[in-house]
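Note that the chains are named A, B, C, D and E in the order they appear, and that numbering of residues resets to 1 at the start of each chain.
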Amino acid sequence: MSNDIRQIAHALLSEGKVSSVIGYAEGSLKGRVQTLIAHTAREAEKFIFNENCVNNLAVYLTKSYGLINKDKPAAVFLKPCDIKSVTALIQEHQLRREDVFIIGLSCQGVKNGNVMAGKCMGCSIHNPQYYDAIVGETVEEKEPGISDPFAKVKEIENMTTQERWDFWMEQFDKCIRCYACRQACPLCYCEECIVDKTQPRWIESSSHPIGNLSWHLIRAFHLAGRCTGCGECDRACHQNIPLSLLNMKMGKEIFELYGYRPGMDTEAKPPLTEFKMEDSEEFIR
Amino acid sequence: MNENFEPKIAAFVCTWCTYTGADLAGTSRLKYEPNVRVLRLPCTGRIDFSLVIKAFENGADGVLISGCHPNDCHYNAGNFHARRRFAIFRKLLEFTGIDPNRVQFSWVSAAEGAKWRDVVNAVTDEIRKLGPFNEYQKLIHDSFPFRHEDSGAEEISEKEQVENVK
Amino acid sequence: MQLKLDNNVSQFAEEIESLSGLKVYDCYQCGKCSAGCPVGQFTEESPTRLIRLIQLNQKEAVLNSRTPYLCATCSTCSERCPMNIDVAKIMETVRILASREHVKSPVKEVAAFSGAFLDSVKSNGRLFEFGMTISFNLRNLTPLKDAMLGPVMLQKGKLALWPRSIKNKERIKRIFEKSSYFEPRAESTGKKEH
Amino acid sequence: MAYGYYPGCSLHSTAKEYGMSLMAVCRKLSIELNEVEDWNCCGATPAHTTKEELGIALAYSNLLNASRQGLEEVLAPCAACYNRLKTAKYALNHSELLQKRMDEITGGKVEHEVKVFNILEFFRDIYGQDNLKAAILKPLAGLNVACYYGCLLVRPSKVVNFDDPEDPQSMDELIRLLGGTSVNWSCKTECCGGSHAIPETDIVLELGKRIFSSAQSAGAKMIAVACPLCQANLDMRQHQINEKYKTDFKMPVVYITQLMGLALGISPVELGLNSHFVSTGELVKQF
Amino acid sequence: MARIGVFVCHCGENIGRTVDCPEVSRRAALLRDVFYSVDYKYMCSDPGQNMIKDAIREHGLTGVVVASCSPLMHEKTFRRAVTEAGMNPFLCEIANIREHCSWVHEDRKAATDKALDLIRIMVEKVKHNVALESIRIPVTKKALVIGGGIAGIQAALDIADGGKEVILVEKSPSIGGHMAQLSETFPTLDCSQCILTPKMVSANTHKNIKLYTYSEVEKVSGYIGNFQVTIRKKARYIDESVCTGCGICQEKCPVKKIPSEFNEGLGMRKAIYVPFPQAVPNKPVIDREHCTKFINGKCGACEKLCGPKAIRFDQTDSFITEDIGAIVVATGYDLYTIDKKTDNTLKGYGEYGYGKYPDVVSGLQFERLVSASGPTYGELKRPSDGKTPETIVFIQCVGSRDAAKGVSYCSKICCMYTAKHTMLYKHKVHNGKAFVFYMDIRAGGKNYDEFVRRAIEEDGAVYLRGRVSKISQEDGKLVVMGADTLSGAQVEIKADMVVLATAIAAQPDIVPLAQKLGVGYDQYHFLSEAHPKLRPVETNSAGIFLAGACQAPKDIPEAVAQASAAASKVLGLFSSLELEREPYVAKVNENTCSGCEFCLMACPYNAIERREIKNRRGEVIKTVSYVNEGKCQGCGTCVSICRSKSIDLMGFTDEQVYSQINAMFV
């Protein structure tokens, strides 16, 4: 498979179809991969794809990396799940369709460290649905590895209010506010994050309990109806805060209430920018 | 929970329906609990969920959000947007262990002075039952060891003036 | 005639609604059902009036009305009702309810016919017209009704003399035993279809 | 071509010429009909006006047999049977509760969907008009026919969902296809009181009279039907009507399949045209 | 450093009774940044207002909080007062200690504490208030009226008589609308055209009205006072400036058999035609569907015979763009189609045989049959054989109040025009009999019920309460099978003619127009007013008004009344040089906006647009949101939706709200 990858990358660059190709290359450590941004056909030789390619390269398509808005599109290798992020970026006008060349990778699931990544266990799409080119023969679609991807979420839902509070306070207490979660998230592209806003300061910046709680509440809510569940926030957090649980919960509620799944349609209206007359209001007096 | 505890409740209301309805409650001399502090905004559409968080950070035991009934919104749709926003936000609070009943939502029209009274009383009563928001108070205390719980705002010491101005 | 009404005025209507899954109070008495009813000139209460009586809780009058028995179940009323009420179904419901509550049919011929018909089906699994006609006429105490038709039909080979039963009669027996008066309906009945 | 066939009680007796003519036509067109094994009575009006579930169950048990037999398309020539089978299907599609009950009552479950067709649908949609056209030997030239659909073929439209309930056309099209003329008249879907054929004679006489006079004033020489009840009613009662209302109707009431048979060159006797109460002589003469 | 003044009002006893005002003012003085605090019996009185003005001057206050009644009562008063003292009005805020405090609480201490809290909250807000200028929007004093029926004509004339310019756009070749088709009008039975024609003529000749017939609104942009409207002038294939309307072309045109729209298909017209004799303008139009010249290039008779040489076969649609200040929508109604839908959704009134039996006609067709200008020149002859109907049946609520086959609403005018029809009938056929099937008689209105009674008592119309189930044809008669629920009997009438009072429906092509205008519409596509009771002629799009049946079924008097109302709204708007609006609008911080366009999607007013930020070399660096102040109504929905807080709402800024919350509980 890695061969096809190099071929297509080589072709795209040598024929000058794209300004750069974003992909995976062997990492310095065994079993780790690193991101490679190739600008010349020669570099394309380093590209690989294997079960260690867990990270979501869509993040490099956010403006801050300066790889888009060139005269030519940027090509990027994406797993079916990563493509959702690109869809979302296009939907949210952060990326013009013509500025990206999506090379879809069929994927059997990837590893996080030496265990299968959580997102893969609940995954049910293994072949790209939306792409410009595709490499690797289509793999057979199979049911999610685990019966219920929301098991952990439900576990927390079943706790008492007090237990939930204690659980999250313990988690948030670990937060050192390094914002790695923000950095890793393809959808945290705001030019100025609300947390950096000082006039007024909505979120206490120091990593004390109040600031941490506010930050994680606001982060979770800002991703409600947008998060595509790539799980990069979890991976990025050195404090091992299960951040994606909050996003999953939001996603679950959004789907149950408004039947919306993020990252599926570049033309769709995000659920919190629209409404229906008949939306539920059981909680309103 | 303690019966003689007086909850602090922040209310965010829209000008056109609820605020006017509350005015009507006044002109009709209806009596209700004095625990609510009303903050007037043009529309529930303007009520960002972070206002709720801010209210808790400032020691509120409960929050009440109120606006126009569906289809009555002066701005056509602000209340519909708010409805979705808070339907989801409540779920988030609940999930993180904050009792969603601390954030109450109601439709009160400009004609519903009596309903405003009932809502305020009911909400005050409910929050009173829930008791003071100790969990959050504790966070506040741990975060701002220097902030005095009840510095009566007026008669502020020089020290604090400096504290707060910076 | 005088109607004595009280707070239970909608009791019967609600009973009919929950049994039939139809919305009785949707009827605004336009009369279109009555206008097109093929048996209209043979009935005392028009369908419109019958539904009105249901709306006004006149259970006894309704269960004893001849209209539901004379209804030819042609569904013209249901087809043309501006409020999408299946009027024929209401007739059917009243009839079934009456038999469930053992109200004697005011139109004995129809009752007798149904009885005879179902007996025949029950015992043979199929209809055996000749036997059925005879048994109907006996039940109906009009042994010679349509007697002149009989021979002609026989000669034209249109009445089979011996019942052609089906093999698996158990199945029919079971159906007759287990079937209840009304089909089960969830609480939220009367979903209108447009 | 082989299809499922649900004759229903009448086609073996009162409507035997309907059965005969249908068989003759199918033989001619080499259509193979497999009778639903051990079928039972659909229950007709008495069943569903006595017990709602009985009406559904009797029909359902036939669908059950059909599906066990592996039949996917079943022809129900009798309009009443057709209507009952369709009603059962409709009711079941709209209520899972009912489906459960039926499984209990009949002790079985329909494995696959069994499509039910009336005679007109069958020849129009399944066999195909072109095929039929090709097989015509003696067009019904100069034959003025009043197509009578009655109630059960077209109503309730949301259940049978077959043709326009107010002004259906499928039988008229068929007649035209056979080379005949279908008159434009207004009693196409009026009720003949069929279900009261035996108990409430007065009603059927009145309704029958209306239908005949309408057909006559529209210039029809005969009435074509696709329902044994209608046929029996209008044919058997015609002289009673004449007696009661001092009218002089001499209007053969024939099955659509009999007319098809004539057009396909089948002998009148084979089509049972001799077993009518009102003489079909005039008609037969031409063939 | 802020210098805030607090002014506590006793409102006589109203506040003073429960709130210890002197105490409140004393403690307010201790609040941070409060440099002046005073209480007084009546702050809204002149002496009270002077206290405020003086304090501003003497102490150089930067902000004022008046603790008094609701801002909805006296905010304007006090803001005017501070302005007189040279302070920007938006630096004055009200703390509502009456409606929200003294009147609703009994415990004096609690009330006093709350009053102080409310003041503190407003003090914190006013500290962050900034001087704002009311938004002034220039107004183009030219109105657009869409639709040339009676409502549109009336609105246009009223505005024009008010001395303002009007553009009147009508999609058909002549103005006049449905009213021009009517024979006589209820409840007075005066001839429709006698009262309408003069109005049509003056609409055409009025110096302030520019008339575009056979034209449609193509595009609408802009906002109140400043719309840009593009009008498509469809090709008539006639040079109107040359055509004298002599009519020779119409006379000589060989294509005769085209059903006339004006006569509801009961009469025929030519391929080049003037829709009706009194048409305005009296200029023909060529129907290229049927014109032989367009079909096969032959003929061209009209061209040859036209004296002034006005025929232009090569003419194409032209476009005109106009600057418009206000728009009146008067697009009127259409009739519900009675006959079975082609898409075979077993709907339609098959049972009434409309379209099948020629003598079953619609109400509007009946109008044409009894109209002096109609195909029979006012003589009532039935379509099938020209025979005068001796028995006629009118059926009301055909399509109306019919959830199954039509619409659920009441079409409102049918009861009246059916009564009128029975009279017109009786006046033309003295020995005839008219039967009416109805469900309810809805004749609310001046002299309306009297009118219906007249039909029954004087003209002998027989009213039967019930719907009709079926109409069939036997021996040249229409057999009407109905019911009379009052007697509980079936009714059969052998009639010569049947008239169906068909439902009023919205214009079939209204939705695209409504969307161009940004005007809402209901499930039946009738346009939505801003408030059902208090703003019946306005829409939720500022500067766009409604007149006539485009909003809901209406009769002529109502349509005319609403048209005049809309006109006066327009004139009111035009009476000022500029519009002044509270400056509570959203503003975008273009530096931090990342252009996700969530605000743009959520804005209820489409007030948010895209703006491209370019560098010196003119290359687009990024696209951001931009608020159109003219359209923004200041709801703030965008503010809550913006994740990066890059939008703020003037008057209710993040900073103001934030500091208010901080001041809530201490």
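We take it that a contact is a pair of C-beta atoms (placed from the backbone, for glycine too) under 8 Å apart; a residue touches a chain by one contact, two chains touch by 3 or more.
What you are looking at is a predicted structure, and each value in this text was computed from that prediction instead of being measured.
The chain pair A-B and the chain pair C-E differ in C-beta contact count, and the higher one is A-B.
Distances between chain centres, each the mean of the C-alpha atoms, put B farthest from subunit D. Mean C-alpha position of subunit C lies 52 Å from that of subunit E. Centroids built from CA atoms put subunit E at 55 Å from subunit D.
Taking each chain's centre as the average of its CA atoms, subunit C and subunit D sit 22 Å apart.
Chain centres here are Cα averages; for subunit A and subunit E they lie 47 Å apart. In subunit D, the residues that touch at least two other chains are 157, 165. The set of subunit B residues that touch two or more partner chains comprises 49, 54, 77, 81, 85.
Shown for subunit C are the residues that touch two or more other chains, namely 41, 76. Chain pairs that touch, as defined above: A-B, A-E, B-E, C-D, C-E, D-E.
Here subunit B touches subunit E in the complex through residues 8, 10, 15, 19-20, 22-23, 25-27, 29-32, 34, 37-43, 45-49, 51, 54-55, 58-60, 74-78, 81-82, 85, 117, 150-156, 161, 164, going by the rule given at the top. The residues of subunit A lying in touch with subunit B in their complex are 156-157, 159, 161-169, 194, 202, 204, 208-211, 213-214, 216-218, 220-221, 224-225, 246, 249-250, 253-254, 257-258, 271-273, 275, 277, 279-281, 283-285. In the complex of the two chains, the subunit C residues touching subunit D come out as 38-39, 41-42, 70, 72-76, 78-79, 86, 88, 92-93, 95-96, 99, 107, 109-110, 112-114, 117-118, 121, 125-127, 129, 133, 136, 140, 145-146, 149, 152-153, 156-160, 164, 166-168, 171-172, 174-176, 178-186, 193. Residues 351, 397, 401-406, 439, 465-470, 481-485, 488-491 of subunit E are the ones that touch subunit C when the two sit in their complex. Residues of subunit B touching subunit A in their complex: 49-50, 53-54, 57, 70-71, 77, 80-81, 83-100, 104-107, 119, 122, 135, 139-140, 142-144.
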